[in-house]
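Look at the two complexes coming up: subunit A is in both, with subunit B in one and subunit C in the other.
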Partner chain A sequence: MIISLRSISYDDLKKQLSKDDKIVINSCSSCIVACGVGGTSKMETLENMLKADGYNVIGKDLISIGCTLNLVEKHRKDIKKKDMYDEATVIIPLICENGLKGIEHVFSDKKVIRIAKTLGTGNFTMDRGVVLTNPFENVPMEASVEGYELFEVAEELGLFEDFFDEFDAPEMEREYANFTVNGEELTAEKGRNLLTVCEENGIEIPHLCFDEELTGAGVCRMCLVKIKGARDLQPACCTPVSDGMEVVTEDEELNHYRRIILELVLASRNHNCLTCSKGIPNPMFSCELQKLMRKFGIESSRYENTSEPITVDVSSPVIEYDANKCILCGRCVRACEEIAGQCNIGFVNRGSDTMVAAGLNVQMDQSACAACMACVNVCPTGALSERVIHFIGKDWKPVKVYADYAE
Partner chain B sequence: MIFTKALEYEDIRKNIDKDNDVITIIGCETCVRVAGSGGQERMKELAMKLMSDGYNVKDGFMVPTACTPKIFLAKMGRDVNTILSLACEAGSANLERSYPEYKVVSTIKDVGLMVADTDKNVLKVTMPYKGSDNETGREFKAFVGERNENDNTLPIMEMAEVTGVAK
Partner chain C sequence: MGKTIAEINGIRDNVIKKEAEDKKLIRIYVHMGTCGIASGATSVLTTLRKEIKENKFKGAKIITTGCAGICSKEPLITVALPGQEPIMYEYINDEKAKEIFASHVMGGEIVTEYAFLRGMETQLKERMENNGIIEGEAVVDSSIPGIEEVPFFAVQEQRVMKNRGLIDPNNIDHYIGRDGYQGAIKVLTSMDSAEIIKVVLDSGIRGRGGAGFPTGLKWKFAAQEPDGMKYMLCNADEGDPGAFMDRSVLESDPHSVIEGMIIASKAIGAHMGYIYCRAEYPLAVETLNKAIKKARAYGLLGENILGTGFDFDIEVYEGAGAFVCGEETALMRSIEGLRGNPRPKPPFPAHAGLWEKPTVLNNVETLANIPQIIYKGSEWYAGIGTEKSKGTKVFSITGDINNVGCVEVPIGTALSTIVNDIGGGVVEGKRFKAAQLGGPSGGCIPLAHIDVPVDYETLQEYGSIMGSGGMIVITDDKSAVDIAKFFMEFCTEESCGKCIPGREGTKQILNILNKIESGRGDASDIPKLEELASVIQKTALCALGKTSANPVLSTLRYFRSEYEEAVSKNN
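After this line comes the complex of A and B, so read on.
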């Protein structure tokens, strides 16, 4: 893991900007996120700060791996992002100095502002967060197996241990909506997505196809809620909050629909995942489908499962694709398009034969997959997971580890 | 990503003991695989060579990343006392810290940071570690680690930067 820290203050960043600039903030979604300098929430923080200070931020973009040059190029040329990037005069990349070199090349016609200093390599630990173990020569610290926590490194080098502080910018003028959810009065910025607002206020709405880093699709129907005056049930993940809304997120009828949806999911393909790596909830990953099954007390389905077993694709050295566990939520499809910039994953076939496939329905290693893991990171089940392989014996045979199949 | 090179076989052998070391190899599937110094094939090659030379190699695990707690996805056998790390130096540090009761032996050395192009299958060293300054700007074949025919496939660094060494 590459270790970087923020190297400039908010004031110094503003000194490099003019009010006429058209700014795009983009971020790598890899190491820099763990270092607290990148990712969707950091882009949003910086966007809000700059907008509150009167700067013209025209967009933001998350890139799965910023040091993979072809992915950065594809983001720039992406049909949905091209206009934004063409219009931009300034790029603020939340990326390490290594990835910055690719950004500077791809956006050589723009002003690119560096905000991070890269210090070496290190680890992500469960107890101390990110630690620097192998500093570069210009960092006055010795290599250390224990590693240095980021606050120590920041103090030693005069860098910033946190991201920009939103209190360094004036409060942004926002329009707020007052509404009720399950009788509770809430206030949130107008236009924000209802599901996210509810979650921020401790109101859990079951969902499967929604991921905060992706555009809403509203296809799983688990987050359907009642909104007074609306013609029918509405997907909370695609509903912006507005003044006077009266929302019900949970009652007997909604939970009945949710149980039916879950039973239908359970009846399609194989979700008996006792040996799946995502089946055991742990800090690194857990199965969102199983969590919902447990929440709704579903142990079996009333519907007949007529699906045929599908061969697990282990052609990729890093990704295991088990279509038997896929619930067709489409998160991977959107992640491959929006975060990877690849559009390598899509739906194939029709009706009950519909499935997610790579390339022109080929094995993963035969497709243009860049192994950036954007799809794996958003998959709510064990359909797309990271491979863990155990090799044993004189012939070094691969055997199954956390998988339902023999290699 | 981190660009690495495999250590010479003899240098790895020097650090392990035929009589006392019961070995598991733990490999990382991220940067070292892309750099061509790690990955499944290299792990098998190393394991076979060590076994044929009489070393007690019990098994091996490929984990998604060795610089995170995902190393714990490797389940160590009871009699194993030595880990051969097929990971970058940060991954090896993670193994050493996480398995203090085991002897951890590196099989890979860091060269510096790299930018990759997975369509062109090319890597370029951008920010070298101490002692690898001459590698700055050099290109290598992705997943193989061999030197590319030229260093201009990825035009991401100015020559001044290459000669000036960006550290």
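After this line comes the complex of A and C, so read on.
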């Protein structure tokens, strides 16, 4: 993983901007997210701050792997984003310096502002988060197996440990909605997504197809909630909060529906949720389906599983696609369109024969897959996974990869 | 160039004049809906044309029309001699057609043997009032029943289908001659959006696609949206098994739908419309395209309609065979060129529909009602029906019944009237078991409740729905489990695969039904079915998913003992 830290203060950023600028903020969705300098929420924070200060932010765009040049090019040409990028005069990319080179190349006609300084490579640790282990030559720090925590690095090099602080900008005028969830009174900006707002307030709503970086789809029906006055149960992931809303997220009835839905999922295809190794508590790759199965205490399904085994697609060098574990939540389809800008993954067939497929229903390596991992990062089960993690538990064998010319 | 309003009115007067002149000719109507063509109407038509040519017979005119309504007696032809009552013949083939031509058309002798009835559907009211006598039309053979004596026709109230069996759907003048496009002229010249919506609201018409949402209200929501791009859509993706009302309307009177769309677009401020028609209706698609072309040539569609300054055009969009595309949001995705999957509502289409623009989607039958509501007024329309549901409803009755066909009755007509009087009862040797209304989304009404009035609220009370108008009559030789299985098979196959309850739930219900049917079921299966069905009803994403388990719930409600018997072997 590439380690980068914010290198510019909010005031310095503002000095580089004028009120006439049309600003687009984009971000890589890879290492920089783990370093706390990029991702959807960070783009939103910066957008809100700049808007509150009177700057004209015309849009934002998440790119699955920002250092892949052709992905960036594709985003610029994307039919849905082209107009926005054409109009922009300034690009603020939340990206490492490696990716910055590509951005500067693709947007050579515009002003590009550097946000981060890239320091070396590192790892993710369970207890200390992201650490820098191998600083670059120009960074005055020694390599370390244990690694340096980001705050240490920031202190040492005079960089910023956190992202821009919202309090540095004046408070934005926002319209707020007052509503209740399970009797608790909440306030949030009008129009925000109910599921996200609930989670921010510590109210968990089970969900499978929702990912905060993607548009809501209301597919899995796990997040159905009761809203007073609504004719039917509503998916929280597709419901904007509004004034006076009265929401119930959990009761015996709703949990009954959730249990049945989980049982239905368990009876479809081959979900060995009780034994599958994807349950390892890794923040990037843990299985959300398994978590829910445990939460609701589902050990077996009362429904008959008539599915036939499906061949696992291992054609891609980096992505393994095991359709047996797919729950058709469509996150990968949306990620491929919205984050990767590729539209390489889609649905084929109908009803219970529906499948997620790459390209024109071909193997992954036969399709136009850019191996950007946008789909893998959002998959809530073990259907799409990075191939390396399947070596867990096996002994590494030393392999000679280059000739020793000294001999 | 397009025509002016005066010219359209001129056409109307001419057609009326010409029709009066035509009465001096021998007219042969060949009823050529898809039903008629499937039974051999094309060959009958060719035979008749050949006969005219070979005999060099002058003074006879052949008119092709849409379905005459009673599909089980197709092919049908009607022969009208000057000064005589028209005679409708049933089950015609080439030989019979030749015989009728020689005897009736050329010789003036009615072939009583093949005759079905005397008179035409348009004269029904007049005949009923005057004891079957029409001025200027002599009764020749009173042994043939008059149309007012045939319950299939006598009990019906023709509004949506007033032109069926009478006009040539491919001839726009025929439609104009029967007050066609007068409603459009009225709204384009003298009504604003609020006035149109008020008339439609006052008429009390509710969506005929199945849900029964007040049409005027739908328009009002879309009209309230800020000006800009808006769309007017017509849902002609009639997919329920056993439903063919919309097809019949489209094939026999396409201009009524086009006129309805012009009125609706004026009301909501739309300038572009699509008719989403299933590709499995090739004749309807062809008829519609011809009608739209004709309407454009007359200046009734396109820019500056009839010189009134209002622009509106229509395109026909053919579906690709998915039942779910009849669901409004899936239909819109399909028009956009995407996979036809529903999406959660809200936002409702009136706010964000096709290409996220305000959109109104109305069913074929709803739109076909609109021109008359505007032309004749809301009071006329609300004159029949029940307190909460006004007007008529077209049903396609099919299954184990004598008279298969399209019937239009006032809302609130008893089910028994439709089945026994209009439908002529179930086929001989069998007993009525239930009528399935609303296709796979509906439910059945058993013999015990056969007298219920057919309206939105009552049917819901009895676990069924009005639906789009499919009515399948089932006799007692079919088992309830079988009925449920048939519809569940349909729902499972036609599920779009998007939401878990709709995709996996329907599949599991079908699994359990298969198990019960093959004698492997046990007592726990019945509560399991009920539980799963109610979960699907509550949690599925779209209306089709939510209602997909209804056939199971409704057969369980009325024929539970049959399920219990089927699983009792293993207890």
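One rule holds for everything that comes next: the second predicted complex is superposed on the first by the 377 of 407 C-alpha atoms of A that agree within 3 Å, B and C clash if a C-alpha of one lies under 4 Å from a C-alpha of the other, contacts with A are read in each partner's own complex, and residues count from 1 in each chain.
By definition in this document, contacts are C-beta pairs under 8 Å (C-beta built on N, C-alpha and C of every residue); 3 or more make two chains touch, one makes a residue touch a chain.
The structure presented is a predicted model; accordingly, all values stated were derived computationally and were not measured.
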(request) Please work out whether A:His105 is in contact with subunit B alone, subunit C alone, both, or neither, and reply first, second, both or neither. (result) first
(message) Looking only at contacts as defined up top, I'd like to know whether subunit B or subunit C touches more of subunit A.
(response) B
(message) On the A-aligned overlay, A:Met126 touches which partner chain: subunit B = first, subunit C = second, or both, or neither?
(response) first
(request) Jot down the residues of subunit A that show up as touching in both complexes, subunit B in one and subunit C in the other. (result) none
(message) Under the definition above, what is the set of subunit A residues touching subunit B in their complex?
(response) 1-2, 65, 67-71, 96-99, 101-102, 104-105, 118, 121-126, 133-134, 136-138, 143-147, 277, 283-284, 317-318, 368, 370-371, 386-392, 394, 396, 398, 401-402
(message) Taking the touch rule as given, give the residues of subunit A at its contact with subunit C in the complex, in rising order.
(response) 216-221, 224, 232-235, 238, 256-257, 260-261, 264-265, 267-268, 302-304, 306, 327-328, 330, 346-347, 349-354
(request) State the interface residues of subunit C toward subunit A in the complex, per the touch definition above. (result) 322, 339, 341, 343-344, 492-501, 503-508, 511, 515, 528, 531-532, 535, 538-541, 546
(message) Quick check on the complex: what are the subunit B residues that touch subunit A?
(response) 1-2, 25, 29-30, 33, 39-40, 43-44, 47-48, 51, 58-65, 67-70, 73-75, 88-91, 93-94, 96-97, 110, 113-120, 126-127, 129-130, 154-157, 166-167
